[in-house]
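Everything on this sheet refers to the single structure shown next.
Letters are used for the chains, namely A, B, C and D, taken in the order the chains are written, and counting of residues starts over at 1 for each.
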Amino acid sequence: MSENPTTETTRQDAGGRAIIEARNVVKRFGGATAVDDVSIEVAPGEIYGLVGENGAGKSTLMRVLAGILTPDHGSVVVDGRELEAGSTRAALEAGISLVHQELSLVPELTVAENIVLGTTPVQAGFIKKREMKKIASDALEEIRVQVDLDEPIVRLSVALRQFVEIARAIARKPRVLILDEPTATLTPAETDYLLDMLERLAGQGLAIIYISHRIPEIFRICNRVSVLRDGHLVDTVSISDIKPNEIVDKMVGRELKQELETSRTKVAAGDVVLQARGIKAPGVNGIDLDVRAGEIVGLGGLVGAGRTELVRAIVGADIKSAGTVTINTDGTMRRVNSYRSAISHGFAYVPEERRTDGLALTMTVSDNIALPNRSQLSRYSVLMRGKIGTFAKELADAVGLRPPEIQREAGDFSGGNQQKVVLAKWLGRKPDVIILDEPTRGVDVGAKVEIHRLVRDLAEGGTAVLVVSSDLPELLDLADVIHVVRDGRIAGTLSRDEADEKSVMSLASGESQVRGL
Amino acid sequence: MTNEAQSVAEAVVGEPAIEKQPFNLLVWMSSRGIFVFTTVLVVVAAIFIDGFASLDNITDVFNRAAPIGIVAVGMTFVVISANYLDLSVVAQVATAAVVLIAVSNESNIPAAMALAFVIALLYGLVNGVAVGVFKANAVIVTLSTTFIGLGILRWFSGGSIYFGPQDGAIRSFGLAKIGPFPLSMIVLILMTLILSFVLTRTNFGFLVRSYGSNRDATRLAGVNTAWVVIGAFTITSIAAMIGGFVLGAFSNTAVSSMSTGFDFRALAAIIVGGTSVFGGRGSVLRTLLGVVFVSVLTNIMVLSGLGFGVQQMAIGALIVAAVSIDSLARKASGT
Amino acid sequence: MSQAQGIQLGQEQGGLVSRIRVTIARRTEGRALALLILVAIATWITEPTAFTAWEVTLGRVALIGLVALGLTAVILMGELDLSVASTLAVCGVVMASIDNLALGVVAALAVGLIIGVVNAFFVVVVGINSFIASLGMLFFLRGAAFVISNEEPVRLASRDAGIAFGKPFLGPLTPRMVIFIVAFIALQVFVTRVRAGREFYAVGGNREAAYDAGIPVRRRIFTGFMISGFVAALAGVINTLERTAADPTAGSTVLLASFAAAIIGGVLLTGGRGSIFGTLLGATSLGILQVALTLTGVQVDVQNIVIGLVLLLAVITDPNSLRTVVGSARSLFQGRSGSHPVG
Amino acid sequence: MRSRYTRWISIFAVLAIVLAACGGDDTSDTTAAGSTDETTADAGGDTYEVFALLPQGNDQPYGSTYLPPMQEEADRLGINLTITNSQYDADKQASECEVAVAANPDLIILWPAVGDTVRPCLEAAADAGIPVTVTNSDVNPEDKDLTAAYSGPDTYGQGVASAEIFCDLAGGEDVGIIMVNGLTGNSTAIDREAGFEDTINDQCPNVTILARQPGNWNKDESQIAASEMITAVGAENIGGVYAADDTMVAGVIDALKARDIDPASLIITSIGNTFLGNPLVKSGELDGTVFQSSSWDGGNAITTAYEVLTESPSERIVKFMPSVKVTADNAEDASVAPEW
């Protein structure tokens, strides 16, 4: 792996020494062309960035490289030899390892078994346990993460699973490592750790292809970057020759207004609408929280700090062991004890896992939007179809659903548009309190802008907003006040003026928690 | 929504356009599915099989279809709610028939029907609570309620065969016709229309479909999902009760073993109709066609003098074939 | 961990006690074990004959459990095989129809494997849900058993061999019990120690990931259905030998009993979770319960009610669901006061 | 914490139910107290321990009227009965036989679920020195030496008797008939069908079977199958009907009536003389049936067993239930009053 240590610090183009090439790759799904005649090449020791909107074809291209998908045209070449198309085994043997965007671990198998999955060492069919554990612990040591090898994945935290996933890729002794949005579920500290690790691995001669929505990460570690749009390769440039906003322009195909940095006009916050006192739940150790009408309250912190557990306990999606939640509308305080009472009292909850918790993917957009709004769309328990159609259409337009076809199944839409559907269904209820958990995770830049706009509009309309986000710029941009959660408690509260990345992170990490950084 | 945000959104459209597919016979058949099968089968049988098209024979087809069909259209709710099936319909149909024939003793039919209704509600509640509240597996829950239900029925009834008098009200209901159509057929069609309306047009039916598609999302939309499950099982139970009434009235007998096999036969009809066993997708109307299709097929085989073994083989092959065409069509259309 | 310490993500390793606790928490058979202990205690108190005549009880467990073991392999992959009972019947009939005993056994087992291949073909190649494919096979194979047997029991040509087969040959153990124990050990080793079997969990737990990791998913599904078909055929062969005749109606109680054993044993119907050992526990609980109830001489209807109640209680006492129920009951109770303004 | 607590509650709940069910056995007077090894020890006294391995019980009409006289007779003779029901599953019955042999009773009464499959059970009982008597349907000829007695109907003979009535009425004419059989694969169904068909071929070959279908002992299935067979062969070609029991023949008669065919104009025979069939004979719709007395069957199962227990006869006792033909001539007789 460290055959070429001289490449360590130089940032260079691949030249003629590319280890992996994609040549004129075309991939179609049904009638749609996901990747259209794309060629890239990556050299050993290089960290190669790949950016683009959701649906631009990044993941598809990477799945072609890893042999999961068979291209309709074109080929993958490693060391000048063409790879057998559509064979994961051939790709693995050629040294290509892919870290997936969606976690691809097997919940009931152990850490060690997951790390060697697909390449389990065997003797006459039987698993060689000692060798398996050796491979696993070596890989974990390589990325310097400590975890019990016999622990089933189902008992690990999300962040730890991500690192096991990377360990699995490392264990295959790859020459090309592909990471598809590995930082989506990581905290900034964990992200830092990962990026350092990648630079170190590249220094050992590994070729790395790095996909991310987060432009700063690209600038921090990549030598070159390619931009994909609608399946086409727009440009490949050396990182020193381009500025961040130019990349974004190339991604969206036009100049993007600096929406992300537009500060929201401060609204005079009204009365306290949501009041939580002494909330305790698994992972939450007694938290008090107030949200005022028209106010956006952010919850920052590391993944696993208890933010999701907190908001789920507040809204009643999970059972809390102690504490009270009250909602104050029209001057009366009402206690909220169950999820259904919360919803009926004017709460709306946009969960973290939109595919499993947010949407019924086999139902139409129209039906999804109608679901929480049934009572106003039916009479004598009979649905009024025409009314549902116009209602859903109106809301789908309000959130800017693309394409605006409300009779298509929700599963047909991209991640960003699915999230818009989730928002649309709650907007129909004109909520007094809306709780958003990671509202823009895995959402492309354009949709993110729209979702932020919707959240601000809600607040300006007097809704109390509570946002959980691991995307620090998003949190800083949206929130009027940020509570930083650590170990199930509020470690500190920052006003809009006090808050910056550094102050949030130091509260979130609590210094001693982060080692080796 | 500002103009800016909208224009950003327009620039970001990444959705692949839906293209027109060339004509494909498999795709066409699968989208019409059971409608095509049933029509083809009926036309072929009418041409080639003597006596098939006679009124007497059509009556036989519907007599075959009615009790199992009524159960199946009800059980469609459980299948759409992604709970596999309700095995306990076997116990429920027999219980309803025994109550109608034996308990009423021809003297107090409304009271017997009320009792049967209470029992049906009880079945729906027990199955529904165990599955919807305790989140237990529906196959095992309904298996155990079958054991319990049949055990209790046989304990009380002693397992005897009961039959009503030759000129009683129940028998005249069982033999009644409206025009040329047997009453059982009218009941089947009425049940289908009512339940189809419930599934597609009412709040409750909407929730059953939504729950079957994604139970967590449905719960997080503020729905009391326990009641959705209880409702789905209760509808199945009420349908099973009516199926039991029709079966009991048609034969004017009731015995605890009369509904053996109704569980998987009803499921087969539902699946042949095209309702997904994963839940979320399906329709009551399709189930009706599935039942009619299986009944027509059985009828044709009996008319042709084929034995029981061959009949079973044909039904098995048919289930696989119907679903295979659907699957191959989806592959052909590339989705 | 020689050099710089990584970020702390995992838990620290604990002492012996906590290690034992962790080991228990990782298992999926807890509920099955609790039920088994409970049934065993109740039986010990009321009907100890079920234990003193343990070989009888073991025979019943083997009767219920053998097919369930094969079925578990399929369920672990998130697939279902509803055709096991019909497979059992048709394989028995095929075996008895062939005069040469050895040839008959081989033919029956081969038919079992072929049925597995056909099931898997529909699932993997045609791409239909296994629930439906095997439901079709359930009807088809039962019909085939009637057609082959001419709707009558088929007597074994060599009856004496069959009768000898039913006798104990290893201490008090009959060949059925030995085959059952061997099948259990083989399958247990297969899904815990053999790579192909271990990968069943990957196929059932996260199929996408299994594909991506280069696991031959299609081959694994074929293997699983062939195991299930083979074991069902094996049960058909054993039954036919022990009974000295093949009955085309055989196995009417096999399908649901097998499912019950697996589910009580903690096997998740959607795949990826459970164990062969759990299924054994489930089958053992059911076997002991049935034998004990038979011995008590309680009316058969009452026995069925008891079995139904025990099954029902076994599936509704999942700790997770109980926690939810207790929690929602409490919030319901609190909710009553909460619907009024609280000042 | 809470999960452990709830788990214990559930454990006690199950325990309570299991215990309650087992406790119910002491108060139930239809069944005997549990048989254990101790009770076998004083078997030489007044009571005998007997296992009855039946393939049906309260799940079938016949079984449900067979059981009470059996139990009554057992109580009278001081026999402790333990009854099982294998629901015609031969494997389940074999396992129950193992349980019975292990419980070491004084005698086993066997009603074979599938006649061809009982040899190993008989041998196991013989090895354990437990006498076996057979009830309702006899074992195969080569297995008879392993059993001490048989009591019950001659199932094949019932088919013969029904055919004899039919042949009498046909009187040498050419008659086409349709046939409704019992549950496919069931041994009673097979024997009756064979008895009827053999006799027809032998005594009145001019009677031809035009179509046959199973009615699965159910009236509704028989009714539909019969109606479809009428369509298939044409009503004008049908001169008679045979159904394997009275329940099913009632279905056939209803099917005929629904098509405005007068059942009295056809030759119709069946087997059973049940509450359903007897009135049909009286009304002339059913021409003849064969009396099968469930009380005779159930009661004689015990008295035969008692004879074996007390007298240890050297010869195999065989008590055939008389296959009484019931026609319009004798349908009113008290001796053929229906029982089930």
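The working rule: a residue touches a chain if its C-beta (ideal position, glycine included) is under 8 Å from a C-beta of that chain, and two chains touch if they have at least 3 such contacts.
Note that the coordinates shown come from a computational prediction; the quantities given were computed from them, not determined experimentally.
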item: Co-neighbours of chain C and chain A - touch as defined; value: B
item: Which of C-D and B-D has more C-beta contact pairs; value: C-D
item: For chain C paired with chain D, centre-to-centre distance based on mean C-alpha positions, whole Å; value: 33
item: Centre-of-Cα separation between chain B and chain A, whole angstrom; value: 42
item: Where chain A and chain D are represented by their mean Cα positions, the distance between them in whole Å; value: 68
item: Residues of chain D engaged with two or more neighbouring chains; value: 57-58, 184
item: Multi-chain contact residues (two or more partners), chain C; value: 146, 151, 248, 299, 301-302, 305, 309-310, 314, 322-324, 328
item: Residues of chain A engaged with two or more neighbouring chains; value: none
item: Pairs of chains found to touch, sorted by chain label; value: A-B, A-C, B-C, B-D, C-D
item: Interface residues, chain B side, partner chain D - complex; value: 50-52, 54, 56-57, 59-60, 63-64, 67, 150, 154-155, 157-161, 163, 166, 175, 247, 250-253, 255-258, 260, 299, 302-305, 308-309
item: Residue ranges of chain A touching chain B (in the complex, touch as defined); value: 29-34, 53-56, 230, 252-254, 256-257, 259, 317, 339-340, 342-344, 349, 351, 356-363, 367-368, 370-372, 374, 378, 381-383, 385, 397-400, 402-403, 413-414, 416-417, 425, 444-447, 449-450, 453-454, 457
item: Residues of chain C touching chain D in the complex; value: 34-35, 38-39, 41-42, 45-49, 52-53, 55-56, 59-60, 63, 146, 149, 151-153, 155, 159, 162-163, 166, 239, 242-245, 247-253, 291, 293-302, 305-306, 309-310, 313-314, 317, 319, 322-323, 326
item: List of chain C residues in touch with chain B within their complex; value: 122, 126-129, 131-133, 135-147, 151, 248, 256, 259-260, 263-264, 269, 299, 301-305, 307-312, 314-316, 318, 320-322, 324-325, 328
item: In the complex, chain B residues that touch chain C; value: 84, 87, 130, 133-137, 139-141, 143-152, 154-155, 264, 267-268, 271, 277-278, 307-320, 323-324, 326-328, 330-331
